[in-house]
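Listed below are the structures to be examined.
Both of the next two complexes hold subunit A, though its partner changes from subunit B to subunit C.
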Partner chain A sequence: MKISGWSLIRLYTILVYVFMFAPIVAVVLLSFNPEQFGSFPMKGFSFRWYVKLAENDAILIAFKNSLILGSLTSLLVTAIGIPAAMAFVRYEFPGKNSLNTLLLAPIMIPEVVLGVALLIFIRWLQQPKSFLLLLFGHVVITLPYVLLVVQARLVGIRREYEEAALSLGANPFQTFMEVTLPLLTPAILAGMLFSFTISFDDVTATLFWATATNQTVPVKIFGMLRNSISPEINALGTVMIILTVSIPLLAGYLSRKLSKG
Partner chain B sequence: MSEITKNTEGSSAAPAAEDASAPHMPPVKPPMVQFKGILKKFGKVLAVEKTDLDIEEGSLVTLLGPSGCGKTTLLRMVAGLETPTEGDIFIKGKRINDVPIHQRNLGMIFQNYALFPHKSIYDNVAFGLKYRKIPKEEIREKVLRALEMVRLPGVEKRMPGQLSGGQQQRIALARAIVIEPDVLLMDEPLSALDENLREDMRREIDNLQQMLGVTTIFVTHDQREALSMSDKIVVMKNGKKQQEGVPEEVYNRPANHFVADFLGHSNFTSAVVQGREGNFVKVELETGNILLADAPGDWKEGEEVEVVVRAQRFEAMLQEEFSPDGQTNYFEGKIRDRSYMGGEVSYFIDMAGGKEVHVISMMRSRIYGIGNDVVVQVAPEHCHLLPLE
Partner chain C sequence: MQNKSWKPWAMMAPSLSAVFLLLVIPVCFIVVYSFWLRAPTGADIPAFQFGNYAKFFEDFFYPSILIRTIRVALETVALCLVMGYIPAYFFYRSETRHKSLLLLLIMLPFWISFIIRTLSWINILGETGLINHLLLKFGILNEPLSLLYNEGAVLLGLIQYLLPFMILNVYVSLEGIDKSLLEAARSLGCTEWQAFREVTLPLSLPGVSAGCLLVFVLTAGTYLPPMILGGPGNDMIANLIFKRVIGTLDWPFGSAISVLLLALLGVIVFTYNRYLGINQVFKSLSS
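Here is the complex of A and B:
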C-alpha cells in the first residue's frame, strides 16, 4: 500500500475518534471488571458493580431526583417556551428583539456565574435553598434551547395554514390547537429532550443549587469521586450513557413513526 | 346600484317613478362586498390609496396588477387578515371592519394551497364544517359532494402530500366552497401550477364559480387569467385603482398608458391633434406621419396625446403587394427582427421615421424575413388616443 496524503488523513481521523471515545469505552469496559482497581487486561467479567449500584440507596435517590427534576424541567420549559416562541415569531410588540436576546442570554453566560447569581438572589429574598430553586435554575438554563428549536420550526410553518384555518371559522385558540400545535410537535419533542438531557447531566450550576437532600446523579458522582474512585461509578456512568443516548434515539424514531401516521 | 336598476323595467324613468313601481320590483340588493374610502398604510408606506369598489353578488372580480400594487392587501382586508387604516368594508351591507376573520364566513384559496399537511383530505375539507354545528352525517355528505364537485372523488383518506399540486389546489377549492362562503377569496391560486395545468384549473374555477354563483375576488398578475374569467377587472398600480370594467372594455379602451401597457402588447407614440376628419381624429405623429384614430371625446387641436395601437391590430405585408385603400393608416418600414412563437409571429419593424413598431400577426401561409421591406397598416378603429401623462 502506498502512503499518500489520503492515508495520513485517514489515520489522523481514526486517532481523533480514538482520543474522543477511548475514555468512554474504558468506563464501559471497566464497569464489568470484577476487580476493585481497574487495569487492562481485565481479569474476568461480572455485574458485581451493577448489583452494588442497585443496592446503593443514595445513588437511587439521586437517580430519582434527576428523573423528577429533568421531567419537570422539560414540561415546565415547553409550557413557557411555546407561547414565548409564538409571541416572538407571530406578533409584533415593542422591545421584541431585546427581550428575545435576553431570554437567549443564559446560553452565553458561564454557568458558574448563573449558579452564583441565583444563590445570591435567593439569599437576598431570604429563602432557603430548595428543590424549587433547583427547578427554577434548570428552567433558566434550558429555556433558550427550547425557544431556539421551537422558534426555528415556527418560522418554517407558513402563516397560510393558520390563516386558512381562521378563514374556515376556527377561532385563534382552535387554530392553535388544531393546526399550529400539531405542526410544532416535532420541535416540541426535540425541545423537551434537549431540556431533559441538559438538566439530567448538568453539573456546574447544579453544584451551587443542590442541597444534601436533592442531589442529582452528576452531583452525586462528583461527590463520590472526592472520596474514592469506586468502580460503581463506572457502572453508573455506563447507565447514564445508555440513557442519554437511547432516549433521544428512541424519541427520534417515535416522532418519525408518528409523523408518518 | 345603478348597474342593477339599469336591468330592471322602467329604469330610464325618474327616481320618483321607481318609487311608484317599487312593490313590483325585486328589492335592490346592496353589492356583496363594498369598499368605502379604504386606505391602508404599513408604517409610513402607503399600500392602498383611498379606494372605493363595489363587487356585485355572484360576480367574479379580478384585482389585476404587478406585484406590490396593493391587490393582495385589498383582498386581505376583506378576509380580515389586515385592518384598513381608513375607510369601511361592507359584506352584504354590513360593516365588517371589526368582525374577526373567523366570523366572516369566507372561503380563501392560497397560492401554495395551504392544505393542513397533518390532516387527511377528508379532515381538510371537513375542517370548516366542524365549526358550524352541522351533524356528522351531514358533514360527511357535504364533504363527499364537494370532492365530487372538484372531480376528485375517492381521495378522502389520502394525505395532502400524496396529491399533485393541481389536485391539492382542487382540494383547497373544495375546502373553501363546502362551507358555502359569502365570498370566495383567491390569492394567485394558479401561480404555483405548471403552465399546462394552469389553463385546466382556470377553467375549472371558472365553471365552479358560475355553477355555484359564489361572489369571488380573484387576485392575479396574469392578464390572461383576468381577461378570460372575470365579470369585472380592476387594474391596480402602486396602490391605486387604474381602471375598472368588463374585460373587453379594459382591454379595448384602456384608460391610461399603464393599463394599455400592462394588458397585451401595445405600441405607443406621442402625437399632436390636428382636427377631426369624419368620425375620426386626425393626429400628427412625432415621425411626421398623419394618422386617423377612433377616439370618442373632446380632443382640442394642438393637444399633445399618446397614440396606442395593439401589436395584434397591425397588419404587415410586403411593399410590392400593398395597395392603399380608403381610410386605413399605413406606414413603410423594414423588418429588423422577428420571433416565431408557433401560432403567431412577432415582428419588430423599423419605421421610416425612426420609430420601432411591434407587430404580432397570426400565422398565415407565409412568414416574412428579416430585412424585408414591408408596409404596416392599421384601421383607425384600432388606434386609440390617451391624454399625455
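Here is the complex of A and C:
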C-alpha cells in the first residue's frame, strides 16, 4: 500500500515536470523545423531559421542592447547591493527590519505599476525615454533579488576570519583585500549573474520603457509575435534559452569546482 | 563600536537612495497623477478631482475586469497549490541521489524569459500545435480544436510561470520540519497518512500560505499571458493599464487603475504581514 502511494506521488511529480518542460522543448524542436509554418510534424532538421536570424540586423542590434543593458545592470546593482547586504548581515541598527523590508518591497510591487510609475516620473521631469531609464528601471527590479541571494551567502562568512587577520597584524585594507574579498567573490558572482539574467529576460516592465531604438530581445520577440508565431521566433527563443540557462549552470559548476580547490 | 554607528548607513545609502528615487517617489507620483485631468491635446492638466476613479466605477465594464483579475488569480493559486504541493513533498521525502538535480530542473524555468515561456504554449495549443496535430493524426478529430485564446490557455501560461514559486515555498517549509517529529508520530502508532495529516501538513502551512500570496500577487499584476494566450474577454487589470498607458496614452486614467491595483495588493499583503509575517516569502526566494 505504501509503495503504491509513493509511486503515485512520483508519477504525479513526473507529470508536473512534463507540463513544465513540454512547451519549452517544443520551442527548441520547432526551431529546427525547415518548414515555412514551423509547426508539427517535424519535416527534417535544419539551421535555416538560425541563419535567417544571424542575417537580421534588427535582431542583432536588440541582442547587443540586451547584452549591454544586462551587463551594466549587473555591475551597477551588485556595486550598490553588496554593501547594503553586508550592512544587514554584519550590523545591528535601529529600524533594520523595516529597512530590509523596504529594500525587498519591489518584489511585491507589480512590474506593470513600476513601469507606469517610472514612465510618468520621467515625463514629469520632462525627460525622453532613454537607455538610462531602462538601466535605472532594471536596477530597481533586480536589486531585491540580488540582496536576497547575496545576504543568504554572506551569512556563512564568519567574522572570526577577519578578526584573526586583524589580530595577526593586517591592516583593515589588507584584511578586506586578502580575506573578505576572496570570501565574498562567490556572492558577488551570484549577484551579478542573477541580475544579468533577470535584466536580460525582463519583458513586463521593459515594454513600458523601451523605444524603437532601444529594443531588447524580449521586446523584439513581443513585436514579432504580433504577426503570429513563426519558426524564427522559436529559433530566437532557443538562443535566449541556451544563453540564460547555460550561464547559471556554468556558474554553479565553476563555483563547485573552485570550492573543491 | 558606538563611533562606527554611521557605517551600516553609509553602506546602505546607495541602495536606499535607488529604491527611494526610482520606486518610492515614482509610486507616490502615480497617486498624484491619478487625480489629474487628461487634456485632449498637449500635456495633462494638474488637478485634484476624482474623475478618473469615478470613470472606473461608472458602469460594470471596468469593475468586472477587476473581479475577473481576482477570480483568475484565485484559480491560479488553487491550481498551483494542487500541482505544486505533491512535487514539493516528493523532493522532501525522496532519498534519490539526484534530488539536487531535480530541484535545479524545477528552478530552470526561472532563468527562461517570461515571454518565451508564454509564447511556447502556442506551439502546444495552436491550431497547428502539438495537441491538434496528435488528435488529427490519430483520427480522433476531423478538424482542429481551438484551444487558444480562452481562459484555460491563460491559466496554463500563468501556472507554468508561477508553479516554481509555489513548489519552492512549500519545499523550503517542508525541509524545515524536524524529521524526528514524524518518527515520533509513527512510533506512537500513527499511520503514514495520519502522520502526514497531523504533523507534516500543519507544519508546512507557512510555506503554503507564502506560496499562495506570492502567486496571487504576481498573477494580479501580469498582462502577458492574457495578452498572448487569451482572447478579448480575458483581459485582466494589468492589460487595462497597458492599453491605457501604451495604447491610448490616457495616463491619468492609467495611473488611477494602477493605484487601484496597488491598493488591492497592498491590503492583501498588509493583512498577510499582520497575521502571518511577510518574511517567510523572502526566505524561500533567497534559497
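Following the convention adopted for this analysis, the second predicted complex is superposed on the first by the 241 of 261 C-alpha atoms of A that agree within 3 Å, B and C clash if a C-alpha of one lies under 4 Å from a C-alpha of the other, contacts with A are read in each partner's own complex, and residues count from 1 in each chain.
FYI, contacts are C-beta pairs under 8 Å (C-beta built on N, C-alpha and C of every residue); 3 or more make two chains touch, one makes a residue touch a chain.
Since the structure is predicted, the reported quantities are computational estimates derived from the model, not experimental observations.
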Would subunit B and subunit C fit next to each other on subunit A once aligned, or clash?
fit
Let me test your reading of the model: by the given contact rule, A:Asn171 touches which partner, first (subunit B), second (subunit C), both or neither?
first
Given the touch rule stated above, what does A:Pro182 touch, subunit B (first), subunit C (second), both, or neither?
first
Which partner reaches more residues of subunit A (counting touched residues only), subunit B or subunit C:
C
Of the partners subunit B and subunit C, which touch A:Val27 in the superposed model: first, second, both, neither?
second
Could you tell me if A:Thr197 is touching subunit B, subunit C, both of them or neither one (first, second, both, neither)?
second
Could you state the shortest Cα distance, in Å, between subunit B and subunit C after the structures are superposed?
6
Applying the document's contact rule, which stretches of subunit B touch subunit A when the two form their complex?
79-81, 100-108, 110, 112, 114-118, 127-128, 130-132, 159, 172, 175-176, 179, 185
Can you list the residues on subunit C that touch subunit A in the complex?
5, 7-12, 14-16, 18-19, 22-23, 25-27, 29-30, 33, 83-84, 86-87, 89-90, 93, 104-106, 108-109, 111-117, 119-124, 126, 128-130, 133, 137, 159-160, 163-164, 192, 217-218, 220-224, 228, 238, 241-242, 245-246, 251, 254-255, 258, 261-262, 265, 269, 278, 281-282, 285-287
List the residues on subunit A that touch subunit C in their complex, please.
2, 5-6, 9-10, 12-13, 16-17, 19-24, 26-27, 30, 37, 39-41, 79-81, 83-84, 86-88, 90-91, 93, 99, 101-121, 123-124, 136-137, 139-140, 143, 145, 147-149, 151-152, 197, 200-204, 207-208, 217-218, 221-222, 225, 229, 233-234, 237, 240-241, 244-245, 247-249, 252
Residue numbers of subunit A touching subunit B in their complex, please.
158, 160-161, 163-172, 174-175, 178-179, 182-183, 259, 261
